[in-house]
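Everything on this sheet refers to the single structure shown next.
Read from first to last, the chains carry the letters A, B, C and D; within each, the first residue is number 1.
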Amino acid sequence: MIRKTVANVQEACEGIEDGMTFMLGGFGLCGIPENIINELVRRNVQQITCISNYAGVDDFGLGLLLKKHQIKKMISSYVGENAEFERQMLSGEMEVELVPQGTLAQRCEAARTGIPAFFTPAGYGTEVAEGKETREFNGKMYVMEEAFKADFSFVKAWKGDEAGNLIFKGTARNFNPCMCGAAKITVAEVEELVPVGTLDPNHIHIPGIFVQRIFQGEKYEKRIEQLTVRKR
Amino acid sequence: MSLTKEQIAQRIAREVKDGYYVNLGIGIPTLVANYVRDDIEVEFQSENGILGMGPFPYEGEEDPDLINAGKQTITALPGASFFDSAMSFGMIRGQHVDLTILGAMEVAQNGDIANWKIPGKMVKGMGGAMDLVASAENIIVAMIHTNRAGESKLLKRCTLPLTGVKCVKKIVTNLAVLEIKDEKFHLLERAPGVSIEEIQKATEGDLVIEGEIPEMKF
Amino acid sequence: MIRKTVANVQEACEGIEDGMTFMLGGFGLCGIPENIINELVRRNVQQITCISNYAGVDDFGLGLLLKKHQIKKMISSYVGENAEFERQMLSGEMEVELVPQGTLAQRCEAARTGIPAFFTPAGYGTEVAEGKETREFNGKMYVMEEAFKADFSFVKAWKGDEAGNLIFKGTARNFNPCMCGAAKITVAEVEELVPVGTLDPNHIHIPGIFVQRIFQGEKYEKRIEQLTVRKR
Amino acid sequence: MSLTKEQIAQRIAREVKDGYYVNLGIGIPTLVANYVRDDIEVEFQSENGILGMGPFPYEGEEDPDLINAGKQTITALPGASFFDSAMSFGMIRGQHVDLTILGAMEVAQNGDIANWKIPGKMVKGMGGAMDLVASAENIIVAMIHTNRAGESKLLKRCTLPLTGVKCVKKIVTNLAVLEIKDEKFHLLERAPGVSIEEIQKATEGDLVIEGEIPEMKF
């Protein structure tokens, strides 16, 4: 067994530099690597490119990096609930590449699995396809999309072990597995770091080979964006 | 009387058939789940990674790790499954989802749809919409027939950046149910008390009216 | 919940016809859909094309179909342990397309996920790439491979429920998940059909949406091909 | 004396470094696991879907659902994981595996390798070999230097259908350890008691001999 544990978030983020490209898991505020984002804010790393489905809200998640103008470029699919984001984008302060959500996930997967490019129907005939190769297969038109390249993937899992094996919970899974192994270095923060041998090998979502560093996050706020309930 | 958002959802719910896997977009489409007949087997997919999505949780039972694509807290029904975003869009692109219901800012008579961007003014992003419209065989658009200025949103050609081309088959608005065929809007049903003339006036695109156009009943 | 259960293997195989293309899960004899293969033999369906990593051994697995000359064409990656296969192939009685194992898996996944084509380095500069488009990405050469098309996928899982959700065990997982949803109709046989709600939704490997029919197999021989043990 | 298969495996095991994920091919490579130092952290991947592969099971504890790529019954070590074939080859193509050890029928001095087919005579299929050789940064070939007729298998050019092009970096045979560099075989070590002349005679491809060539020690 190859050990991947690091002591804390500081050690987990060693080697990050200004100008790097980061992948960050999560959908909305669900399943985001909270502790790592806070550390990126603390380190004040600059001019970063973020590949993340969502840009957080004004005061939580990636919104924290946005507010401090640490982000040079965002590659996302949806940015609807962040006013500061919209402002920075429309004013041109920040570069933005909008990518269809399925294409975003698949470009991560492709990076992880050594597929340099693939064809998808998403975005054909739209702005997204501009400058890209398109091609017909079986009478339908497709766009060629390429794998992402990134320096670090930052993901959050529910449980993990010393070998780097990860298990996710509920819809906090989302983009996190797709980003594991998709960058040069993958850093996973987990709610619970369990002893090796505790996780059923049949239930592991991401084998440790895709994870270089793992640590248990100090605390999780897990903020809810839209609390919707029904009466009993 | 034009339909309320709830009634639009109610009307769309009649299009949901036994054995359908359904993806519901944000907004009016989300309401559709409330009106699906309970004697048929249907499962709702949310593209953030759940199949078998249930209603909102009871107060105090909400789980921050369990949300839908609109970031609302939800529940999982028996038989549900969770998966990652790549698998979720594999379902969508692979045409395993039987019906997609989503909103639109504009629809054109050739089936083009625009719903993610107003240049220089508003950019929400396409989210999963481009994958959905490019892949789904069966798309229903839920929308208000006209914008706040009273201008038609059912057009000869879309003016906003497109989300997908030639993909919309059916539209349910506050005024009517329409089908897109041979690059024209075909009127199928009208809202209770809404005249064909009113619909005609609110529709910029070519509108085909053939035979008797029944009123929707609720 | 949408129910996928059928009464038995006969009902599960309804609609199969001569000349169809089938995907069959399994690696070696591990994780093969035993009950379905027996039913295909019993029905004596003819002129079939099989997409399967392996061709079975002479008297078990796909070897049974081979012996009865039911197979017109095999699409596989490895056929080493089957003498009858080698004979039919070298004599030209059966058509064979050999595909690198990773490409085989990915062409199934592509079929399932609506990706018509992708690039892989496997087979570049070899017979496998003949007649295929090749292209350079980042200084390395790749071959374009297309998604498979098939009429039925036949897979075997460990546990499943009425909604068609599947969980696999050990290395009996192999190609089975990749083939789910990759054909027009996916038929899953399981060792144990459990009540809906029994399977943890976090542990499901294949959501029921990819499965059209599910049944509990009558019996499983689970033959071991190479028994290797160590002394205590 | 030329090396036994066990000794070839033993010599290759010295190339396995701390922290390596290793894929072992069928045949001699399988034996390598027996000789890896036990003071380093190593995990074995088998392409049929396991990471953290352990030794053969104790008699009576074999599980038909737990085999390696050679179809042998195996065990899983603590920290192991199971996955499907697509993910397994994702690991391989994505270069997450640090070292690949496999057999060959022929290797050429430019790094080409052939190991899956003898036209008209024998076809085993490539299995996972084409994915492995096309993807791995670090490939070691384990082979016997000559065929049964005494002819060299280390050639100027391969005569059999290729498995991969320009991919082999290191070869351990029963006679020698060689490196491929600048499209030539470079002799690094010789088997105990085997002379440089014997190796030269058994090698059809260009062989570079520079400086002292040490004998392997066991």
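Please note the rule applied: a residue touches a chain if its C-beta (ideal position, glycine included) is under 8 Å from a C-beta of that chain, and two chains touch if they have at least 3 such contacts.
Since this is a predicted model, take the numbers as computed values, not measurements.
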| item | value |
| --- | --- |
| Farthest chain (mean CA position) relative to chain B | D |
| Cα-centroid distance, chain A relative to chain D, in whole angstrom | 36 |
| Chain A-chain C separation of Cα centroids, rounded to whole Å | 32 |
| Mean-CA-position distance for chain B and chain A (Å) | 28 |
| Junction residues of chain D - those touching two or more other chains | 50, 76, 82-83, 86, 89, 92-93, 135 |
| Shared interface positions of chain C, touching two or more other chains | 106, 109, 113-115, 120-121, 168-170, 201-202 |
| Graph class of chain-chain contacts, one of line, ring, star, complete, other | other |
| Which pairs of chains touch, using the document's own definition | A-B, A-C, A-D, B-C, C-D |
| Chain D - residues contacting chain C, complex | 46-50, 55-74, 76, 82-86, 88-89, 92-93, 112, 116-117, 120-131, 134-135, 161-166 |
| Sites on chain D touched by chain A in the complex | 19-21, 41-43, 45, 50-52, 76-83, 86-87, 89-97, 135 |
| Residue ranges of chain C touching chain B (in the complex, touch as defined) | 1-3, 109, 111-115, 161-163, 165, 181, 196-197, 201-202, 204, 207-210 |
| Parts of chain C lying in touch with chain A, wherever the complex brings them together | 106, 110, 113-121, 137-138, 140, 142, 146, 167-170, 201-203 |
| Contacting residues of chain A [partner chain B, same complex] | 27-31, 53, 76-81, 86, 89-90, 96, 98, 100-106, 108-109, 120-128, 158, 168-178, 205, 222-232 |
